[in-house]
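Two complexes, one shared chain (subunit A), two partners (subunit B, subunit C).
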Partner chain A sequence: MAAETQAATPAAKAGGPNHGLRIFLIWIVLALAADLVLWFVLGPHIPPGRLGSAAQGQQFDNNVMIAMSAPVLVLVLVYFTYAIVVWRRRPGDDADGPPLHGHSRIQALWITVTSVMVLSLAAFGTYELIVPYGAGGGEGPSPIWNPPGAELTAAAQQRPWAPGHVLVVQVIGQQWRFTYRYPGLGGFETTELVLPVNTMIQFDVTSIDVIHSFWAYQLGVKADANPGVDNVAYTKTQHLGRVTVRCAELCGLWHGAMFNYGKVVTVPQFQAWASSTSVALADVTKLLPPYSTTYDPTEIAHLGPVLQKLGLTGAGGGYYPPQDPSQP
Partner chain B sequence: MAIETEPGTTQHPGGGQPAGGAARRPWWMRPAIHTGLIGAVIGYAFGHWLGNLIASGYQQVGTSDQNDTAIVLGYLFMVIGWLAGLGVFNDLFKQMAGRRLAEAENGNGPGGLAQYFRFHLDHKVVGIQYLVGMIIYFCTAGLLAMGIRTELLSPVHHVFSSATYIEIVGEHGTMMMMLMTSVILGPFGNYLIPIMIGSKRVAYPRLEALSFWLTPAAFMILLSALLLGGFHMGWTGYPTLSIQDTSGADAYAFAFGLMGISMTLAGFNILVTVICYRAPGMRWSRLPMFVWGILGTAVMMALAAPVLSGGMYMLLTDRTVQTAFFTDQLGGSTYLWEDVFWFFGHPEVYILALPGFGIVCELLPVFTRKPLFGYKVAAAGMIGVTLLSFFVWQHHLFDSGINPDMRPLYMLTTEMISIPTGFIFLVGMGTLWKAKIRFTVPMLFCFAFFFNFLIGGISGVFNSDAPADVTEHGSFFVMAHFHYTIMGGLIFAFMGGCYYWLPKMMGIKLNEKLGYWHFWLMFLGFNSTFMPLFAVGWLGQPRRVFEYALRLQTLNDWVSISSYVLGFSILLFVINFVWSTVVTRVRETGNPWESRGLEWQIPSPPPAYNFEHVPVVLSGPYEYGSEGSEPVADLNPPVGVLAAAFSGSETARAEA
Partner chain C sequence: MSLPVRVGTLLVAFLAVVGGAIFVVIHYLLAGPPTVDFTSQAAPGQPVHIVLQEAPQTTVSDRPDWVSYFIQDPASHQWVHTTLFKVPAGSMIDVTVLGYDGCTPLRNPFWGKISGTVGNVEYVNGKPTQVLNSWGECSVAHTFSIPGIGLNVPIASPTTLAANNNLCGTSPCTSGPHTTVTFSFKAPATPGSYFWQCRIPCGLGFLDGFGGPMQTIGYMTGEMEVAG
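Then we have the complex of A and B:
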């Protein structure tokens, strides 16, 4: 910059380039460009996709926050770059800068704008959390934001399921596997997550040993699996497709290997799968403890070896020999 | 009593009398690190024996083939033996016996290199001890991170077994999170705060020295977990995993709890020092911003760290004497742990941010040659972060089901914390306005701090949004976020502080050319390592896994290779540190940065008791550019001025 008019007084506006205007112009152009590109080009590809309604809601949230934060990011970066380029010390210039201690209008403006942004983001987040029934996150045993037809007691969950209604799927976490129990379809338990399309799913997540976290990525669902707690989460399946399930809470040696895959299929396909699986597992289902929202592995530990032999786990007490995890 | 009222009388940290001519014993007979180690070995053997005596009949010990009681008691007596061997309790017993405290025995005399290996009551010695200790801890934990990245080079081929991998992850996380809380408060806070506020000493030199000597114990105990089979629950130690885990979990809980005590003591000492030991004229409105930052940190440490120690104690009793705080079937709850842990854990992450804010606010005026823009805004930002930090912890538990209906509340408090954080950016940007920026190495680290913390802060807003957090929670996105704030913020500020203050603390300037290399490699290596991890997390990779989706291998490999560059840059720093302070030793005793800070107005390194006379502070530390502004302090005030200043405060105290 050739403009070397160094006004040493605080009233430095007179003479010299109008730095504020320059920064503002560069910022507004770059911020607008960034927002347009991010919203229209990158936006549709932002994770976690649109297979579940909760996932779609999260994608929308991410996009709104990207659109809001990009101008902030651009402003700070433009300002710092401008400062580094323009306000660097010239060789041989050992003088001090102008003694500006503050600027009350700019300070008030900054505080007002950031406060308004932050508060509106909090209001937006609250709306996006409550309206889509908890946005796919775990809501504890008795959620107050739930869809019509939600089944919150073990008895209600065991009423036969019909297409169009909320489908209850119990997820049982244990080291190092998730199993799924379908109380509305006879109460069988499988290692395979199969879901009907265009259906509101209610996951009832629990654990029989340590804390896990059930993360169905494409559905936008994450709910901690706590021992002795029923943690409910909602999402609506919107397309056919594959679902990746990973454990998202460190649960021991093979936490990294605790994943499997599920699928969203058509309603007739789902019904066919459910009835055939129900029949195939009928012998095992008889051995399982009665359906419940949580299980106490110490009470049913004698079933463990039986079920291990049958290749089934979870509700029946899992892989553990009775004294491990050691209970006093 | 705040400050010695008579200028010229020497103050004795710890209240000891001047040396009474006691003959010095040979070095190996005086308490130091070697006697501490002997004490530790004896203590462990005794504690282990005692634990076996008490607990070998427990049913749990019989079935599990491990005696946690013996291990915990071993650690307990080991720490007592270590401290006794260091001579921590000597003065206590001497005073109880009515004997005079000889200064030489306290380690207060002038004493070369040996003094750094002893329990020493001079805050400047403790500061250097902390500095070297922190660099060692940071590098150890950093090497473990290299191990993690090496394992993640391939999604299917494994360098480590799954057990070893989880042990490395846990050691890296715990070591960083427990010891780096003191990475700035320990060295720079202890060394510089008394000098910056014009005091000859700290309030509680014994607590300060004790807070340091607990850190090597915590470090060694944490590492010893590897000998006991490691621990497999990460740094958060969630039960019931941490209750069923092998004996390594005892080491985790004991070390972390011990470090909680160290943090409490360190924070309490700084807190009282800043409030009570300011020189006359050092008003709250003239307090350097670094002191404000450390003050906020000290408040959080003093209030949050005791909760950590309590939680760790509960975990240890669950593991040994079979209490059931966290066992669901016996009336306990894993939620209790999550609450207690994060009630500490969230203030902690601001313990890991605020000192960095302090350093950049302190350095910017010096290298822009301008007053700090909006001093009150900066102080308000730090106070705001300190207060809000105690009201956000449930955002770690958005998906846990603990209190789902309160998520909007915690979303609000969490997002509100970006308002005071934004103040720091306003202050930084305002200070740069029409500045005369000097691109020294410390200034480059300040710029990098703002860049990194900007990304860390904005990604934090994504995490605070409960719906978006459903995907991000527990994924690499969160991991990248907090590495941007802690590594990118705290550690970059620490490095800036090293280059800036080492001439003050050691009278030696670090090599500048190596410094520029270090900076650029670290800045590029850091961003190249952690920027892609946002994408990795968003694309579905959970934390602490050793197997991941094949399609994410390219990104993971990029990150791993960048992390080696980052590691190399830290190696350059260590080389620079050792090369400059041990080999070349280029003296720098003046005020190389032409700073107005009070600490730069006295010789480097500062003499014993810092100031010959208690200074009278005349103006703020950032009055650059004002013609004829007063010097920052009168280092040799006329006796009348001092007396007047003190009589005012004395009467005020008498009236209160």
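Then we have the complex of A and C:
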């Protein structure tokens, strides 16, 4: 019976086609074509774009992974298609297929190739995380990978900014709006996110109420905004354009509406904007608490005398201590 | 048990389940505060007048200890317990807020800055004001903020101890210490819904004051529907 089956199988016929070579040749052509199309045609349009260095790095990483995974997908599809076309059941062919046996060389090759791919991607991913200073992700209050000129203390961040230097932008999350404070430009706070082009940006992300997440999509920056935590993320602006900022952490009733648009402008435009905004907001800037990498709004140093004067506590005029009352 | 009894029992149980589901949908999912319509009152080219009040409690609701906004119906002049209102697109909106609640400091003093109004100014008891310092004095009770159009108006509070200790005790308030805040802004030309909120953590009884009325439409947040 086995001999009959073997004899009835086209592949087993002496002098029959070399299916493995056929599949390999079809695969290599299609895989190469797919990779070229994906890299050069689709690649430039892969999110999140190239507005910032972190975004460009993420786009490159996405394209590398696509280029590596596409041949695998093509191989599976080629094999399936080939099998369906070449080894399909013919009219009148009622014979069993040939028995299958293990093929140690193919197994070893498969394990080796897939292991190399996975391990190389792991190494690549690690390299891509380190080299672009965290790849746009929040590194926490003590970032490991810092660009030259990064300012990690409140005092350093308040040094006047000059073009060509790292620009510190403090992102303050609060229900349901991000505000942005520019410590190196007088410390004003605004709802507008405006950035100069070709500048390394240091986002110091925090919150003064619940947990938010600062996601500047086109810049490739995403950092959790936690109360009491300074979460640092870096990117370098590379082109002029608009930035969509969204909160990426469910933060209450209007979380879905917590978004705004920022923009990357030329350095002179940025300086003009900063100058005019600083003047326009001067009356409220002087009311802001001293610049700090985090804020604890439950402790307002100079609020005590006001409340004492009024005899107000708790809901009548002050903040609730963090432990009281508990959430029902 | 006979067949008719079993069928009857099954039918009753089925109807009970269906009735319960309908009750839940109608009572909890579809129920909500009414929308006060200002479009029918608006003459072409004329401003729309909206009168709000902030009350220290909501004795007309099942949450009597929650602070809440009320909107005055333009036709009946009755106070409506809601935070939903509808205005014509592109119209000028004149707002009067009667601030009956006591002071609480802003969590972020940045929101003491008036923005998005005509002239970036509000009038507190007739006095033009561009910024309120809630950390330096007892001056702000709540805010009326529509982030989608950049509107932020801190609502001034009674400033004295005597006033803060004698706030109106029944809502909607008709008497008691209060401030009158007025301002104007232009409604967006694009129809749609724009949420508005208070930025004072005024949810008494909730962690850091962020729950309850702060997160509930009909109390300290709502929507402005802009009709085309």
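The working rule: the second predicted complex is superposed on the first by the 261 of 328 C-alpha atoms of A that agree within 3 Å, B and C clash if a C-alpha of one lies under 4 Å from a C-alpha of the other, contacts with A are read in each partner's own complex, and residues count from 1 in each chain.
Here is the rule we use: a contact is a pair of C-beta atoms (placed from the backbone, for glycine too) under 8 Å apart; a residue touches a chain by one contact, two chains touch by 3 or more.
What you see is a predicted model, and the numbers here were worked out from it, not measured in a lab.
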- Answer with first, second, both or neither: which of subunit B and subunit C does A:Trp254 touch in the superposed model? both
- Query: Touch check for A:Arg177: first (subunit B), second (subunit C), both, or neither?
  - Reply: second
- Query: Does the superposition put A:Leu193 against subunit B (first), subunit C (second), both, or neither?
  - Reply: neither
- Item | First, second, both or neither for A:Val245, with subunit B first and subunit C second | neither
- With the two structures laid over each other on chain A, which partner does A:Pro289 touch: subunit B (first), subunit C (second), both, or neither? second
- Considering only touches as defined above, state whether A:Ile208 meets subunit B (first), subunit C (second), both or neither. second
- Message: For A:Leu281 in the superposed arrangement: first (subunit B), second (subunit C), both or neither?
- Response: second
- subunit C versus subunit B, contacts on subunit A by residue: B
- Item | Those residues of subunit A which subunit B touches in one complex and subunit C touches in the other | 209-210, 252-254, 257, 298, 325-328
- Note on the structure: As the complex stands, subunit A meets subunit B at residues 8, 12, 19, 46-48, 54-55, 57-58, 61-62, 65, 69, 72-73, 76-77, 79-80, 83-84, 87-89, 93, 95-103, 106-107, 110-111, 114-115, 118-119, 121-122, 125-126, 128-130, 132, 134-141, 143-145, 209-211, 213, 215, 217, 220-224, 226-229, 231-233, 244, 246-257, 296, 298, 323-328
- Item | List of subunit B residues in touch with subunit A within their complex | 59-60, 63-64, 162-163, 165-166, 169, 232-234, 236, 238-241, 243-245, 322, 324, 327-330, 333-335, 368-377, 397-405, 407-408, 411-412, 415-416, 418-419, 422-423, 425-426, 429-430, 432-439, 447, 450-451, 454-455, 458, 461-462, 464-471, 473-475, 538-540, 542-549, 623-626
- Show which residues of subunit A lie in contact with subunit C when the two form their complex. 172, 174-177, 179, 189, 191, 208-210, 252-254, 257, 281, 283-284, 287-289, 297-298, 300, 302-303, 306, 309-312, 314-320, 322, 325-328
- Message: Taking the touch rule as given, give the residues of subunit C at its contact with subunit A in the complex, in rising order.
- Response: 102-105, 107-110, 112-113, 130-131, 133, 135-138, 147-148, 150, 160-161, 164-165, 195, 197, 199, 201-202, 204-211, 214-217, 221
